[in-house]
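Here it is: the structure, laid out below.
Per-chain residue numbering starts at 1, and chain names A, B, C and D are given in the order in which the chains are listed.
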Amino acid sequence: MVITMDDSATKKEIMRVTELIKKMGGDVHNLPKGSTGTMEVTGDHAGLDREQIAKMPGVKNIDNVKKPYKLGSREMKARNTVVKVGKVAIGGKKLTIIAGSCAVETVEGTNEGGRLLKMLGADLVRGGAFKPRTSPYSFQGLGKRGLEILADARELIGIPVVSEAVDTESFDLVEEYVDLIQIGARNMQNYSLLKRAGRAKKPILLKRGISATINEFLLAAEYIMSGGNYNVILCERGIRTFNDYTRFTLDISSIPELKQQSHLPVLVDPSHASGRRDMIIPLSKAAIAAGADGIMVEVHPFPDKALSDGYQSITFEHFAQLMKELSTIAKAVGRSI
Amino acid sequence: MVITMDDSATKKEIMRVTELIKKMGGDVHNLPKGSTGTMEVTGDHAGLDREQIAKMPGVKNIDNVKKPYKLGSREMKARNTVVKVGKVAIGGKKLTIIAGSCAVETVEGTNEGGRLLKMLGADLVRGGAFKPRTSPYSFQGLGKRGLEILADARELIGIPVVSEAVDTESFDLVEEYVDLIQIGARNMQNYSLLKRAGRAKKPILLKRGISATINEFLLAAEYIMSGGNYNVILCERGIRTFNDYTRFTLDISSIPELKQQSHLPVLVDPSHASGRRDMIIPLSKAAIAAGADGIMVEVHPFPDKALSDGYQSITFEHFAQLMKELSTIAKAVGRSI
Amino acid sequence: MVITMDDSATKKEIMRVTELIKKMGGDVHNLPKGSTGTMEVTGDHAGLDREQIAKMPGVKNIDNVKKPYKLGSREMKARNTVVKVGKVAIGGKKLTIIAGSCAVETVEGTNEGGRLLKMLGADLVRGGAFKPRTSPYSFQGLGKRGLEILADARELIGIPVVSEAVDTESFDLVEEYVDLIQIGARNMQNYSLLKRAGRAKKPILLKRGISATINEFLLAAEYIMSGGNYNVILCERGIRTFNDYTRFTLDISSIPELKQQSHLPVLVDPSHASGRRDMIIPLSKAAIAAGADGIMVEVHPFPDKALSDGYQSITFEHFAQLMKELSTIAKAVGRSI
Amino acid sequence: MVITMDDSATKKEIMRVTELIKKMGGDVHNLPKGSTGTMEVTGDHAGLDREQIAKMPGVKNIDNVKKPYKLGSREMKARNTVVKVGKVAIGGKKLTIIAGSCAVETVEGTNEGGRLLKMLGADLVRGGAFKPRTSPYSFQGLGKRGLEILADARELIGIPVVSEAVDTESFDLVEEYVDLIQIGARNMQNYSLLKRAGRAKKPILLKRGISATINEFLLAAEYIMSGGNYNVILCERGIRTFNDYTRFTLDISSIPELKQQSHLPVLVDPSHASGRRDMIIPLSKAAIAAGADGIMVEVHPFPDKALSDGYQSITFEHFAQLMKELSTIAKAVGRSI
């Protein structure tokens, strides 16, 4: 339910409507500019007396949002959301490039790598400290030490960093050290983690689950937004299909669909989507051409020696070539890099 | 790595080998009877000096487990594992029937329902207290109150109960109240939750993720077992495919495959697999015919009034008919119900 | 559109209604006993004047069939269809077992194999003469010679035979030599072949395409039936999913669904569904438990020497065991073998 | 097996090698310039005596092609194949745009539409005369009359035309009337049709089956090429996945994969891939950015009145906008339109 207040409505009137709704059992979200209305009511609508709300002074209009997700829907906010991560604006005219190794490995590697990536045009550096691994016997990341290395690199180089939070226990730590908090595909329906992300003060990069529908993806984002954190960035990273020549199947159509259904920024991760370094350049170009707001890509100085996901990482030379080719595509779609 | 000690090996010799391996960085699991060897070494094998271990007094043999999952593999333990939940043995000759409503709703409903289900032959009663829901605005379960209702019903009726733990925060509570702890499909790769389950004193019912391969499913079980909790029950509940006439697609072949690759018990959930009550009887019969150790099914006195998943719940009459038909199939495959 | 004539309607009245409908542009099918009405009108309904038809003498009632498939729908005919292939009745109380090698290879093999299979309880012998192969460089079958070998075996042994027709060119030949004509999964939407099958005088075994929905499958059957050949047997043979441990995924739920939506007999092919001989017995048992009318299975004296599909073929000993286990399951579901 | 003859080998020497191989049971294909060798031997290799061939005068080298597809593989021919359709070159620097209505409907519509499409930049006009339809009761196309209308439009407008051949019976007719013969997704493994296409004198546009792997797709092309028709154009048109917001899922990664594995041109059909007109522009741009040689798109003056596939057709205005946007992307990837 979206409530639009009169332009002339007073703060007091707004407060009274808010209180009434809370008393009736609803949650109230004050909507950003560019939205259809003034406030969005979520939660259980059963107890809400629509007529009584409509009669309150200052209330101009009451609308329904038809989609099951509300706060993230384009229906509710027509204008694109731009999420700020440090000085980087994600979702605006300039594309966002996130690059780095799958896992943080060493101080030197992270610093040198980060410097090089920044020089080559990356906007954020990524690096996993807590790694969700299919096998309990695989390398699980450096944990807190990894976050420290990443944060030091940020200070040294002057570039925001992103890392994954894999559970509510380590969330505080990740939130403390990084600028953008990633929630991975395996956790897209880990609702406790999503709720914790909803209380975070930092923006969230939410990756699509490998078999999530668009509806489920946007409802996962809604979990975060309904908690009060509206700074959510969506990331398509491939879905599971019968295809056997790539690790997953990049669902390129999800980009225009997400853009149509939601006002949130959309990034694409061609590294995990394909699992093949020779696919990174064509898939990245396709993603930008289809309307993505940027890409997130795995880069490693010696891909074949990487502790995880080496086969899908590209070298710095390869990354430089990627940036060159993306720059031309960006211009062709009226954007920059 | 599976180490077999001489039959004549002393406790002290076993302890010395254990200590040596721990010093080298490995984790040691004492294997149950019916296993290939005496102890299983998991964790990082890089630091293990195989030759030095082989020279220790009492060591008879060192084998490798080729599968990526070790403790759960049939390779390591040929004999079927039977998991005890109260007096109920899951994985033995007698099939296990778990029944109940999707969510715990009322005291009366739970008590009456439980009594009826027990009378009709159910071995465990299920009921969700913490519900993982796709939308943040859907009914999320009664929480602790739901667990209390469930535990009271157990005392009253004398039947073990199962409920889902959706996060590490509420795990303690669930472990305190119920006899069998479920980890749902959405959390199959929530590794923190799996690790917590590995420290639990109660058995775990692990549901397959909707797009998990058999390998990923058994590695999820391995997360629990490598933490020291060997009482894991696997549950097939349908995978996501292009099919549009059922909610998911019951992967019937997974039953013989899981039975071949692992010694753990395997249950089937036809309610979630199909999302259609008219499919429950044929799918349950197929599951038992294919070798499953039992089924878990949603039953509700008034399916159309259920707070969640009503369309896939069956009535008590329907459940009685199911039991009757399963009984005949059970006999045909040399089992009982 | 289903038209029901009065019980007292004369032949002449029926003929007049038929002629009127044909003049209006519809196709008329006389319905078998057990159907809702007396005749079914298919084709383009745009030109049909319903009111005028209703006024014709002898017309009692006009109904619509809501499903897109008409002649095959349960809606139109409530009673199960039993298809006769020689003396074998498919779809009745007795289950049908079709067995044989993937491809006809030699006279001796076919004769000896056929004799053995009959002795062990097979109702029909299968053998491919024209083989649809993924690669143009693979063995494509013996062609006409294969059909001759098969037909000779039938005479010698006294058992009906089934073989695949891969195109309209060879259809006449296949129809001449065999008792049941198979249309394979790859050709499920080869509409010219389906139309030719609709004009055939022999029954058709139609296999589900590897990514066909149930709706598409029943519409493919409708192509055959709308051509006048009502003797269609459906066969589930696995769908393509992300699963990697079987060649395809047996869609066990399709059995109750097909049985509910259609009156046609339903067989299951566990050999192609799994591509693994160790899956044949559990999947066959599951299929019968779920309500299938029989199975079609690949048997070869020396599976590892088979010219095609050896890895999924079972030996005669294995087949004998399968028959024994199926016999018990058959009894448990009120059927025989 | 690829045989390379000495540069100085005489015609007679080449002929003698050819004859020897044919005598041994192989099929010989003379390779175009840009290929690894001089001739390719396909068919059954069992009878080939490699040593004897190597000793023949003029033979320089014998290589194996490791891929199961030979003639279509990049391994065998490194240089891109450019297929000529009339004056249009498909697979070169200039992108190819095929546009038109799903089905040929009227003379006026086809002529006016074709003229407009040509003016707006289309290279070929498409139109279905024989339509493969899921239901036997749907409009099946105008047949021969449709081909005549299409051929007349070609003469009038001066633009090559493409139409689908759905079976071997109507293939001659389609070959007679059109410039490029389409084989649809449902017929990708209709081997008789592929073999007939292999004997055609006109180029073939082969669409990928909705659940075909890349390997199966290239083996289908190999059926055509091994018959002697090397002018094959591949077309990605979406695969079947669990996604529910588009009709199929455009497999964008297939473009770089096909380009890497094969030397054949690759087009993309965003209309069938998505089934949604609002997806045509972003998906077309993505396809070109990923390396496709062109697109095939459904255009209809009044999409909502189209006899088939109206919901996925775009208007001429929409097509003009598409051409404008593609032109910019084409330049960005070093190509023209």
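We adopt the following convention: a contact is a pair of C-beta atoms (placed from the backbone, for glycine too) under 8 Å apart; a residue touches a chain by one contact, two chains touch by 3 or more.
Fair warning: this is a prediction, and the values are worked out from it, not measured in the lab.
J.: Mind listing the chains that sit against subunit A and also against subunit B?
T.: C, D
J.: Considering only chains that satisfy the touch condition with subunit B, which of them also satisfy it with subunit C?
T.: A, D
J.: On a CA-centroid basis, which chain has its centre farthest from subunit B's?
T.: Between subunit B and every other chain, the largest centroid distance is to D.
J.: Please work out the Cα centroid separation of subunit A and subunit D, and write it as a whole number of Å.
T.: 39
J.: How many angstrom between the C-alpha centroids of subunit D and subunit C?
T.: 34
J.: Go ahead and note the Å separation of the Cα centroids belonging to subunit A and subunit C.
T.: 50
J.: Two or more other chains in contact with one residue: find those residues in subunit D.
T.: 211, 240-242
J.: Using the touch definition up top, name the residues of subunit D that touch subunit C in the complex.
T.: Result: residues 42-44, 68-70, 132-137, 166-169, 186-187, 189-193, 210-211, 215-216, 219, 222-223, 226, 240 of subunit D touch subunit C.
J.: In their shared complex, at which residues does subunit C touch subunit B?
T.: Those residues of subunit C that touch subunit B are 211, 213-215, 239, 241-246, 249-253, 255-257, 260, 273-274, 278-279, 282-283, 285-291, 328-329, 331-333.
J.: Please give the residue numbers of subunit B that touch subunit D in the complex, ascending.
T.: 240-242
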